[in-house]
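The first chain written gets the first letter, and so on, giving A, B, C and D; residue counts start at 1 in each chain.
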Amino acid sequence: MVVPIGDYVALAAVIFFIGVFGVIVRRNPLIMLMSIELMLNAGNLLLVAFARLWLQNAGQIFAFIVITVAAAEAAIGLAIIVTTFRPERFVDVDDVRSLHG
Amino acid sequence: MIVLATILLPLVAGALLFALPRQDRVLSRAIGVVVATITLVTVIAAGTTSEWSFRWLSRPFDAAFHFGATPTSFWIALLLTVATACAIAASREARLRDFVAQLLLLEGAMLGLFLARDLLLFALFWDLMLLPVFFVLIGWGEHPATAWRYFIYNFAGGLTLLLATAAFGVIYGSTDVIGRAAGPLVGAWAPWIYAGFAFAFLVKTPVWPLHTWMPPTYSGLPAPMVAVVSAVQSKAGLYGFLVIALTLLPHEVHAYALALMVLGAVSLIYGAVIALTQNDAKRIVAYSSLSHLGLIAIAVGSGNPIALRGALVYIVAHGLFSAALFLVLGYVEEREATRLLARLGGLGWKNPKLAGALCIAALAALGLPGLAGFAGELLILIGVYQAGYVWPVIVALIAIVVASAYFLRLYQDAMNGPEVPDVPVRGDLTWPEALAVAPLLAALVVVGVYPAPLLHP
Amino acid sequence: MTLPFTSADWWAVAPVSIVAIAALVVLLADILFARREQRYASIVIALAGLAAAGFVAARQFGHDYNAFFGGFLTGGFATVFQEIILIAAAGSVILYAALGPASRIAGSIAIMLWSACGAMLMSGAANLIMIFLGLELLSLGLYALCATDDRKASRESALKYLILSSMATAFLLFGSALLFGATGSVELADLANPAHVANPLFWTGAGMFLIGLVFKLSLVPFHTWTPDVFEGAPLPVTAFMSVATKAATIAVLARFIYAALPVSVGQRLLLPVWIVAGVSMIVGNVGMLAQRDLKRLLGYSGIAQVGYILVALAGGTPLGLRYALYYLTAYAFMNLGAFAVAAAISPHGEEGADLRNYQGLAERRPWLAAAMTLILLALAGLPPTAGFLGKILILASGVSAGFVWLAALLIVGTAISLYAYAKVVRAMYAPAETGLPEPRPFVPLAWVSAAICCAVIVLMTFYPLIPSNVLPLAH
Amino acid sequence: MSHSLGVTGTYPLVLTLWLLPLLGAIICWAFGPQLRTMSGWLASALVGISFVLAVASWSDATQGAGGTLGAHQPLASWLPGFDFGLLLDPLSLIWTFIITGVGFLIVFYSIGYMDGDRAFARFFAYMSFFVFAMLTLVLSDNFIGLLVGWGLVGLASYFLIGFWFERQSAVAAARKAFVINVVGDVGMMFAIFLIVANVHSINFGAVFAAAPALSAGVLFAICVTLFIGAAAKSAQIPLHTWLPDAMEGPTPVSALIHAATMVTAGVYLVARCAPLWDHSHGAQLLVGGIGAATALVGAILGTAQWDIKRILAYSTMSQIGYMIMGVGVGAYEGGIAHFFAHAFFKAQLFLGAGLIIHALADEQDIRAMGGLRRRMPFAFWVMLTAVLSICGVPGFSGFFSKDAVIYGALQHGHPWVYATDIVTAGITAYYMFRLLFVAFLGEYRGEAAQAHAAAEPAHRPHAPAWIMNAPVAVLIAPSVAIGAVLMFGGENSPWQRFFAPLFGATSSRAIALPPVSEGVTTLLVFITVIIGFAIAWQRYATRSAQADAVARLRRESERMPALLTNLLYFDWLIERLFVRPAQQLGALFGRVLDPHVFDGAVRDLVYWARWLGTLVRSFQTGLVRAYALILVAGAACFIVYYAVAAGVR
């Protein structure tokens, strides 16, 4: 059976929203980073789905590139988080608010 | 080409003056006077014939670095150069080098403004001429808030001017239009563009109720600077009305003439009665300036040829006597360490020269027949009456009576009455000081007796 | 089949590759040289690379090159943006030298060059993949650069930038995906096909795509990261970020507006952008009031300045784009000049970023004060600076395009900004306070670059460098 | 080509006599310290020369007839229709005689009077300047030139009233005089606007030629506004209040400016503009009425004064009332004649008073005088002749001129004016003789002042007496005899014939056949004068009155009705109606409106900008999650818009 494209869009949207939600509500930077990955993957899902729909491999290429980039981003992100929270024992983004106003 | 030199000379000289050693007061003043005098000569040499033009923009509208005096701006430029020379000669401020430099920069910027034949160039110099005053208010002013008032009001005006100029250029296709027989701008946007210009001009003049920056500025600035500012910078707006608005937006000027005249009339009487009750001598002159320039606004509103010619005479006259008044009051303050009428008095006995100078200036200001102020007032009012407006004439006449009262008060409270013991009386005017105001006073008499050259542009 | 890659493709990406290679050389040189020479070695190499890239890019100008199957177009307006980005990079690299001694110079410079590569890719990107790639290359570099300082603030700015920017990128990606879904193509040129103006996927996709761009332009309400990141990041990084990111993103936005939108729906589709631009002109300028940190101040000012530039683009005419480029060029020099002055008065760390240290600067360093004044005048749009002429051009194109309300907002915003900038000027010309750190005697690099910036700002007023030809926008 | 009453062409003579006093003024002003006493001699010499020149130009000034009469000297032109020139015709000639002639005597007298003053030279600079200004006024051939002179004499009078400017009272008086005169100038300016708007020329000739064509309303308006100027300058009610205060100036100033010449400028103006008044009956009625009223009011106020100079000031006001009335109703020759005679006897009165004041060390209160007839007989005879003349005792100059005026009122059909004048004549006699009796008869009452003066002889170093006595002596002759010489013989007296070419024959203008003859008029006037004299005699000159003069005078001054002590409340009204309101308005604008309303509005704008800034910054909490939330919220708005916009077609 063929899953209609609408379902893919809906699913992607849901994943994307979960990601957004995660970033907003969670205070642990690691989990926030994961939520962002989730958002990106929602995009990937769409790309692949549409690539299939249009029989256009540009979508897949796009998706591969996104995955690579996301990996790099994760790497840099972790590095930053580590440097930021090296002094503290618990990691909580709400503790970093020296810059404001 | 000469006209370009005229503008660049003070600007360059002013910039170079900063390279002089700081302490060198006499030398910097001497340089300033010389430069200003040379500029005066070049202005005369350039006359209304010398022009210089260089393409600036071709899109979105034509604009050029186009300089050249119009019959009107020639006289104002002359006034400017004379006033600046006298002001520099009269400068005794602290950090004199920087002060003289600022005066020269101001002169250059204003020459650019009045000699600009391109609207965009006009707008550029409009903003430029505000900067030296702002810097002097910061560095030499009495109260920081004054600088902000001046800055906020005038640059707000400058911005509306900018927007109006841009819109004008887009609609008209070119801003290289000042002083040439270019047709008027027509269309739905014309009133808005006029509003943009008018706001800037009214703030600068100033006209009630946009005037509240002016009294603190005029009383806070050092005398030589305020002499130039009140003498010439305050004329930028009126020049704009006379040369730009009346030629490029005549229909709008005519359509809203009544509003202009009402504002002018209110300024006339409002400034006059306030001047009647002020205690600070410089503020009295400041409010009198509000009152006097309202008269020119009325002249513009009436649009009558005699009134407009009279307006030019009065522009020059007001420039001369307000410059003289502020310079002399500067001398008084320098000697008595105060400018409050309540604390001054009886200077006339020991300082006859000082008293004489203040007397002539004040008499010219209150429109004594035979001096420059009178010729301007009379012609303006004749024209306004001819144009069929009676009420502004009556308001103006009342203001003239009040003016006689407050200028006499200014003169008598400072110079007459028993000598006040507690103020330190220094000597009478020295010759250099006297020579710094003499040209202005002489010009007042000459223009008052024979204004014909200004009347036949 | 033959290999589609031709020498023309290599030539097209030559500037980008030169910069990338220069970055590698910097790292290698870092190994070779001794501690003391390292800084200057990496600086010289970087500047040489940037200069070479700039030269090549200049040679390309006026011709029509493309690479990656038309995914990367250059020779037209892309070249102008690349030049601006290269200038920004060069200026920021110089700042590294101008500032006091700091470790990890080579690494930072290399990363900055790679970010520049990303920005240059964006300015030429003609399809969604290339845009995403360039954007991420730029951003990833910047995340790292923000953290290169030892201050806590620096790390914090990195974290904030990371989280928020990646989020925005995710929006952009999701939007690109939807656009792809709506049109079946990743080429911007194909989006313009009026066939799918009715497609809600297309609209939503465009919307989310624009969110990503508007975030990078830090327009309200996507501006919240800007002040914090600008303040926290090291001074050279802020300088680079403030120019390169804006330039690259405006390039993408311009291409999107001019090449990728069906004419019929163009204005309706962009209305939110103009609105946020208008709001930003006000918010950015009021935000500047009562700021105590130069970088933060310039962050807010940047929010407003981008708003001005968008007014020029609002016309949707090539002319407007050229005015935007003119203003962007001027803006680049204004910012770099300001940061150069800041560097010139920073003895140890970044004292130049603290506005309290500008009290009475005119007494102690009259020329630096004069330069800063001129730059602030330019930012405020006062003569005799390119800021003035740029404002006029922007106003003209905005008015001629019928966006009078934007022009009016611009005027109001400028009025407010005047007050904010003038307060800095007044501080510099007010009598000095005691106990302020004595600015450094003479910092050749900083003084020179500040002088150059001022000279350019003034000269551009009288000889407007408005790029003549900015096409082609799309393949 | 410039229109004028005079024949066109140049006439350097008038130019010279006009400019000589200016030259004197400039020299005395610039080189006063060097010249010292010489400045006085120089100034009087130059004024004297102008007088000689004026006499020399007699024939040229009176030549010609009708439209082109007198000599003319064009000066300059501002604009078409704004041509300036000098005109010397019979009218201006008469004034020039008085200005330069009497002026010369008074300036000469001043050399003695001002001797030793710390600003001796400045005084003569001002005096010469006044003569120049007054000549400008009477010699101009156009309204603007007239106005210039009008303003300049006001300035000169301002300087001289406030000459001793360490005295606050003098300063205040000077300011009051100037401001009230500016009110007059402003009135004349308005007249000029009307004239230019209707005639497009400022030139007398052109304007008068066009007068008949003007509508009655315009003509009346022109006359009224012109007369505002005349009233201010000539101290006609209600603009007279400055004149008594003006007595703060040195006595020669009062003699020259505030008696002989300047204050009669109004008379000159009306006479000069005769063609306008001839065509506006309303204006004649108004001016005649105000003139008569002024005459009466001045006389009444004169009866209540004790300061010798203020008495003379009010008498001046009253006499000018006569003149204004005369020229107003159309009896031009009469009005001018009275001006002519008045110039002599009033100058004589003031200079006589000057002799007394000078001798009594600045004592001006007649209550502190008395018995001066024996102490200063010369002064007594001077005053006596002048008083007889001013009262119009038959045979004296005042008799002829005053009768001409009074009868003229009747001739031109103003019986009420006529009646008022006759009453006034009586009152005049009363207060003038009152002055004479109180000051000169009885015993001397001013020992204190006398002692004070004697105590310090250096207090006022006396000049050689002849410098002051000679001019006064010279004046006696004309003030006694000039009337008999010139004005005797009604229609064909030399006076009438002199002015005939200018105004035409009197009879031709007389509109009503007088019910009573001139002889009856003379009789009536004489009777009232006798009555006035009798009352004065009864109150001040009788033995009983002399006995306890001090007590009587004190009682009188205590019982003086408030109406008189407050000078009929003119000053009070002006203060309440104009001065105070203007000051209160200024205070309101300057202290409330300006700082709090107009400036406040702008300050509020700045405040709101700052407030907006704090609002914006309050969103910068520094919490990354908050930022993310804001971002998402914005994104939501975007997406909603696009979702909706996608639907909209």
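Here is the rule we use: a contact is a pair of C-beta atoms (placed from the backbone, for glycine too) under 8 Å apart; a residue touches a chain by one contact, two chains touch by 3 or more.
Keep in mind the model is a prediction, meaning the values are calculated, not measured.
Legend note: the chain whose CA centroid lies nearest the centroid of all displayed protein CA atoms is B.
By count of C-beta pairs in contact, B-D exceeds the other of the chain pairs B-D and C-D. Each chain gets one centre point, the mean of its Cα atoms, and the points for subunit B and subunit D are 36 Å apart. Here the CA centre of subunit A is 66 Å from the CA centre of subunit B. If each chain is reduced to the centroid of its CA atoms, subunit C and subunit D end up 79 Å from each other.
Centre-to-centre separation between subunit A and subunit D, using Cα means, comes to 98 Å.
Each of the following residues of subunit C touches two or more other chains: 159-160, 163, 167, 171, 227-228, 419.
Looking at subunit B, one finds that residues 148, 152 touch two or more other chains.
Of all residues in subunit A, those that touch two or more other chains are 20, 23, 93, 96-100. In summary, the structure contains touching chain pairs A-C, A-D, B-C, B-D, C-D. Against subunit A, in their complex, subunit C makes its touches with residues 128-129, 132-133, 136, 140, 143-144, 147, 152-153, 155-160, 162-163, 166-167, 169-171, 173-174, 176-178, 180-181, 184-186, 201, 227-228, 231-232. On the side of subunit C, the complex with subunit D involves touching residues 159-160, 163-164, 167-168, 171, 198-200, 202-204, 206-208, 210-211, 215, 220-222, 224-225, 227-228, 268-269, 271-272, 276, 282-283, 286-290, 416, 419.
On subunit B, the positions that touch subunit D within their shared complex are 148-149, 152-153, 208-209, 211-212, 215, 270, 273-278, 287, 306, 309, 346, 348-349, 363, 366, 368-370, 374-375, 378-379, 381-382, 385-386, 393-394, 397-398, 400-402, 404-405, 408-409, 412, 415-419, 449-452, 455. For subunit A in complex with subunit D, the touching residues are 20, 23-25, 27, 93-94, 96-101. Interface residues of subunit D, counted against subunit C in their complex, comprise 606, 609-610, 612-614, 616-617, 619-620, 622, 624, 626-628, 630-631, 633-635, 637-639, 641-643, 645-649.
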